[in-house]
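Each structure below is given as structure tokens.
The following pair of complexes shares a single chain, chain A, combined with chain B in the former and chain C in the latter.
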Partner chain A sequence: MSSLPLTLPAPTQCPMPNAHYPCFVMTATILAPSTQLPPSSHEFAPVIHRLEAGGAMLPDTPENLMQIIGIYKAYAVPMDFYWRDLLYIAERVFLNPFPFFKYFLPKEYLDLHNHYAGDDADLRIWRGEATAHPELLAFMEKGETFKMPKLLHHLWHDRINMEFAEACMRAMLWHRGMGGNFDPYLDTDEYKANADRAIKAYFKGNPVMLGLYQMFPEMFIEQVRQLSYYSNLGLFWEVMAPVFFEMSDRYDAGDIKSVPEAMNFLVNAIFAMAGRPIYHHVHIRGEVYEIIPKSCGFMWLYEAALPYVEAVFYRTAPFRGTKSYNAQAKQVPDNQKDFHYGILYADVFPVGTAGIPPTLLMQDMLHFLPKYLVDYYHQHCRGEDDMLIQLGISFQRSMYVVTSAVIQALRTALLYPLDDPNPRHLQANRAFFETQIDRFKRPEARLRDVQSQNYR
Partner chain B sequence: MLSILIWLPIFAAAVIGFWPGTISSISTRLASLTVAGLVIMWNLFILLKFDISNPGMQLQEYLPWNETLGLSYKLGVDGLSVLMLLLNSFLTWIAIYSSSKQTERPRLFYSLVLLVSGGVAGAFLTENLLLFFLFYELELIPFYLLISIWGGEKRAYAGIKFLLYTAVSGALILAAFFGMVWFTGSTNFNYDALPTQTLSTTLQIILLFGIVLGFGIKIPLVPFHTWLPDAYVEASAPIAILLGGVLAKLGAYGLLRFGMGMFPQAWSILAPSLATWGAISAIYGAVTAIAQKDIKRMVAYSSIGHMGYILLAAAASTPLAIVGAVSQMFSHGIILAILFHLIGVVETKVGTRELDKLNGLMSPVRGLPLTSALLVLGGMASAGIPGMIGFVSEFIVFQGSFSAFPIPTLLCVVASGLTAVYFVILLNRTCFGRLDNKLAYYPKVLWSEKIPALILAAVIFFLGVQPTWLVRWCEPTATGMVAAIPLLE
Partner chain C sequence: MADIVDIAVSAGSFQTLVTAVQAAGLVDTLKSPGPFTVFAPNDDAFAKLPPGTIHTLVQNIPQLARILTYHVVPGRLMAADIAKLNCLTSVEGSEIRIDTSHGFEVKNATVIAPDIEADNGVIHVIDTVILMG
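On to the complex of A and B.
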């Protein structure tokens, strides 16, 4: 039995007819549970054993698979907007003091080619088109109401909720110091000099803003740091959107048949994309200013994917929702690294209440659900009426699979194969898994809940 | 004309109950709703015919029945009863509508409800003591059966307790009625044929005491209230609506009609004690409600408190206070109906009425948001928040009573403040907070379950901002009744 790949898979020919471009191929590897170690005594022993067998934290059932794949597809469409707009804001809107129209994506960015889809892809993950997804374009035109001027769609909130993407970006910015080199680079003189050049170029001929910059340089630099995170997240999601689209297509074609297969697709994608550069370029009057040049060598896996998972899936912030947190009563941890308000812990039930970002994403995903998932939701709980919650919980399940993929990828990169014959190596793997799963011992964690199919 | 209000529901009850063929549950419900709707329409027609400026009995009907016994079929309506009739027919319709479509033994259930409706209408309409007593007692068995068959876990206990208390109430009232006839030497039981004011003051006080005790049990007043929480809590929501909205009003009506109306002199003597009693009832009801863990029981105790206001207003015996008492009877019926209906919905969907278990029902998708919002509205109305019917009636009660009994009135104002306390507790624990993930799989509330509450909410708001429509019916009657009472010293 083969192990999970320790090295990045090489581009191979796509199995599609007439395909001549590099294409990403899934290599699913599912192992039998290890018999060389005694059973784990961990609270989540069945989950540990499943991870050791090459599975995910989510139980492998057709129902779970259907939910997570359907949600990936529904997530990928708004994500196709998110990454384009994040890059547009980082590269073009930049320090506009009145960015009223930053969510009004120009055609140039809708037509921007995704580097991992389309005929001219660097590495073709999705076999679809490189430009904005057709469902996204259709929604942007009519929304869920009817065709009307873009401004009215915007004011009526009949649009993609970019606020969600910005909330994720801010979570990454706010939880600085999560490892990697990208974040420390933002405090270097080199970065500040690059930012200074871009700021001066952007406000050239604007004495008011230049004067303000002279007076409050750190404020402007901090804004540029935030914009660098816009770019970081945009580049991260540029990769994830085609990954999710491809998974959906493969599921529809019957090529993905189990949760571990889905997770392994993600693991392989993570490794395939790991080296993708993370940078921040700004376009000012036809000139490109490299605030974070590609030559810095920041890699997608370590500078975008891992910080994103840590900041958004685990930590985020104690948002004001239906639950009030009293920091003085120590209900909010002193240390940001102990925050536990991400989607893996989120209470999805009070959907629609203020300050819970997944609500915005859930609203976005609602517009792009595949029919089989809509039919499925109609059969459970309140059907149409609480579809938002049901899809929110499916989203939670799917993010446990993504997190499983990250854990497996880290284990692959840092530790040993799952079928390693050396029991000490297997023990090290187990210790790693147990440490990771310890984070879900908190009562708020939904790992317990997603083990049951009745959690909807 | 008035007889239709009595006999249409009773006839319908007989038809539904004794129809030889089989009738489906839905058809039975539909037929009962139709009859109740027709009764409402007829009530509205009577309102149109009602002369607001006339303080006396109107639209009278008379048929000699048993002259030897002094029993005659004499009906009439005045400012005291006209609103009660409307309340009775309206809440009967609401109760039928809010009953479950899966009610067991639907024919018996709906016949009993209609029988109650006809009986209550008869009691409000009659002008003969004996006939009043017959109609008054007519409710006893149907309500007993409605509690005992379709009630909750302790329905048998609650039903028997209700039966015993109200039987004693009936016995006291009957004794007082007989006393009124015997001591006055009258040959019949018609209200206008009883010169009760010619009796000695002592005798008047004794007879009034029997009336007050008898109807005090029915209202109920502390300490004769212990049947109420059990009966209200164990009864199903539609029956609780009728118990609190209609039956309790019969007690208050009897107190005003027979206590104040027939013994004005004795009434003025007992008034200070009655006012104090009303204030004690109001404070007791409110304080006890605060301590409850069952939201239905909390509302039941709140009902005891609010009925205390009526006794205070009746004791004060100023025209404004009497208008306030009648308004409070109507508004309390409406508010209690919306609260019991909503609590019924919450219990059906969530499976509990326990304050410690309920939480986060306001949650917009998985909770019961509209039900919770209406519950908040009902609580606000009950607490006397301006703009709603509860404010109008309570304000008039307090305004009308303060000049006569300032301290009991102030105590009732404090009780009104305590109403806000227990409703805040109820609403805060029930509607707000985080919805428990493990429990939050409640079935959705159907429109048919929302409609009764929406209608009641509309009435609460409408009469809250247009109180003239509530108070104008009884103003001349109240003035006329008060004129017969000697001035308090």
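On to the complex of A and C.
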């Protein structure tokens, strides 16, 4: 770039000593409610008006802010494991038919530099270190019990629940077709040829597996598609972990003082990261096989973030063992696009049902709660296991803020500024907000509940 | 007459766009006979993007090229031609919504200078960077 005659706007420098890296700044504007449009007649009119004023779906209260930031921090630590292990599985474990040790993250991946933290970051979102978070490393060593060999921690299930990350990945794979070019690419001849090269290289000298591949090629290609989604989600979360760590640090330092400020930090992060490449590379015997090359032009926003939000926040699938559904009575929608079992609709109460993904995540977050949140939950505790439910509901609140950020980011990208002087543009913004909020009209949605602090 | 790139360079208000086009290796394409219709965001339009957006794109050329080619449509389409259409298909492959019922709007951007003719196409200057979706 330095040889070019013209320059692009320079990224802002971090306000830290010796900082030479590009850094990420936050801007937040809260507007007075628009007087140019008549009040909305939507069922959630107060929420629509709040969004139009630059706010979030979650009311702006100090209690909400404390809960969402505390949860972001508690989420970011296991997420630091998730993204590293997702990439490890996509890039190294690959098609291992007996992947017993896929959750045993090698040092190489614990030391892998996050591209958005540390001194050598592409864009420094978090001012912390690029390698695995110290609280994660401490937990991996001792767990809830005590220091013992990794295998015993694994078998005792005293570890990070990677199964949660895999459930999110599977939700993306299962729903497919949620926009972006990544998913259609998985069905192209080019993708299949790339996968074929990698499969043959991986099983080189293994006549049994190569024979099986010859007999059931589609089964192997489908497995590679799943591994491509491992990579997709790993690259997505590699960004989100430093974003959440930075938000927590800024809150602790008093730099994030309101829910809209927190949301705007996320909006800016979404834009800053939008162009991050989404790809799938596999490392086989020292050689890199580009199953989805960076040159495809797939972007973090379109090919990872938006499909992720759709699949995981909105859709997913009913969790086995939590509730019975009568499909004949249309309790399960005919169309996958109408599925509504994500965190924004979840009944958080049936936690403790062993193995369901939200419980696994809540158990992971429980280990890394900041003290202020532990104290807060103790004030309202209904019993020994109640903290899991309370943090699950805080998590739900926090994901309503992330979803608000996505909605505001899409409005910024595709529509008009909130203070646009043109009433026709403001009306278009309102129509967009109302369409988005329509998805929370159904009775399972928790948008009504999170408006009150009594929902806990 | 000059080509699309020469006009953008000489105008002086497309410094970010020209730099991005150079970084993405699209100069030769936009100097080729085409013809192309380019919706050209000016420097103020790029400045409206949240911080870091351009920084990440410039580090990732295929992704930058994708955003830029979303601003290009094959053919020489003057404002009067576009007024007859509801949407255009960009070189990137995604559609661009057009609204000429109140002025000349391209998605959420407003055309502030239409019909700047070049040897190999036409430029319409827009006040906002348009994004797919």
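Assume the second predicted complex is superposed on the first by the 438 of 456 C-alpha atoms of A that agree within 3 Å, B and C clash if a C-alpha of one lies under 4 Å from a C-alpha of the other, contacts with A are read in each partner's own complex, and residues count from 1 in each chain.
Definition applied: contacts are C-beta pairs under 8 Å (C-beta built on N, C-alpha and C of every residue); 3 or more make two chains touch, one makes a residue touch a chain.
Quick caveat, the model's predicted, so the values are computed rather than measured.
Once both complexes are superposed on chain A, the partners chain B and chain C fit side by side without clashing.
Touch criterion met: A:276 reaches chain C, while chain B stays clear of it. Applying the stated contact rule after C-alpha superposition, one finds that A:424 touches chain C and leaves chain B untouched.
When the two complexes are overlaid on their common chain A, residue A:122 makes contact with chain C while staying clear of chain B.
Measured by the number of chain A residues touched, the leading partner among chain B and chain C is C.
When the two structures are aligned on the shared chain, A:59 is found in touch with neither chain B nor chain C. The superposition-derived angle at chain A (between chain B and chain C) is 150°, Cα centres, a multiple of 10. Of the two partner chains, neither chain B nor chain C is touched by A:318. Taking every C-alpha atom of chain B against every C-alpha atom of chain C, the smallest gap after superposition is 37 Å. If you check the complex, the residues on chain C that touch chain A are 15-16, 18-20, 22-23, 46-47, 49-60, 62-67, 102, 107-108, 131-133. Within the complex, the chain A residues that touch chain B are 322-323, 347, 349-353, 381-382, 385-386, 388-389, 449, 456. Chain B makes touch with chain A in their complex at residues 360, 363-366, 432-435, 437, 440-441, 443-444. Residues of chain A that touch chain C in their complex: 1, 4, 6-9, 11-12, 22, 24-25, 27, 122-123, 179, 267-268, 271-277, 294-299, 302, 306, 410, 412-416, 424-425.
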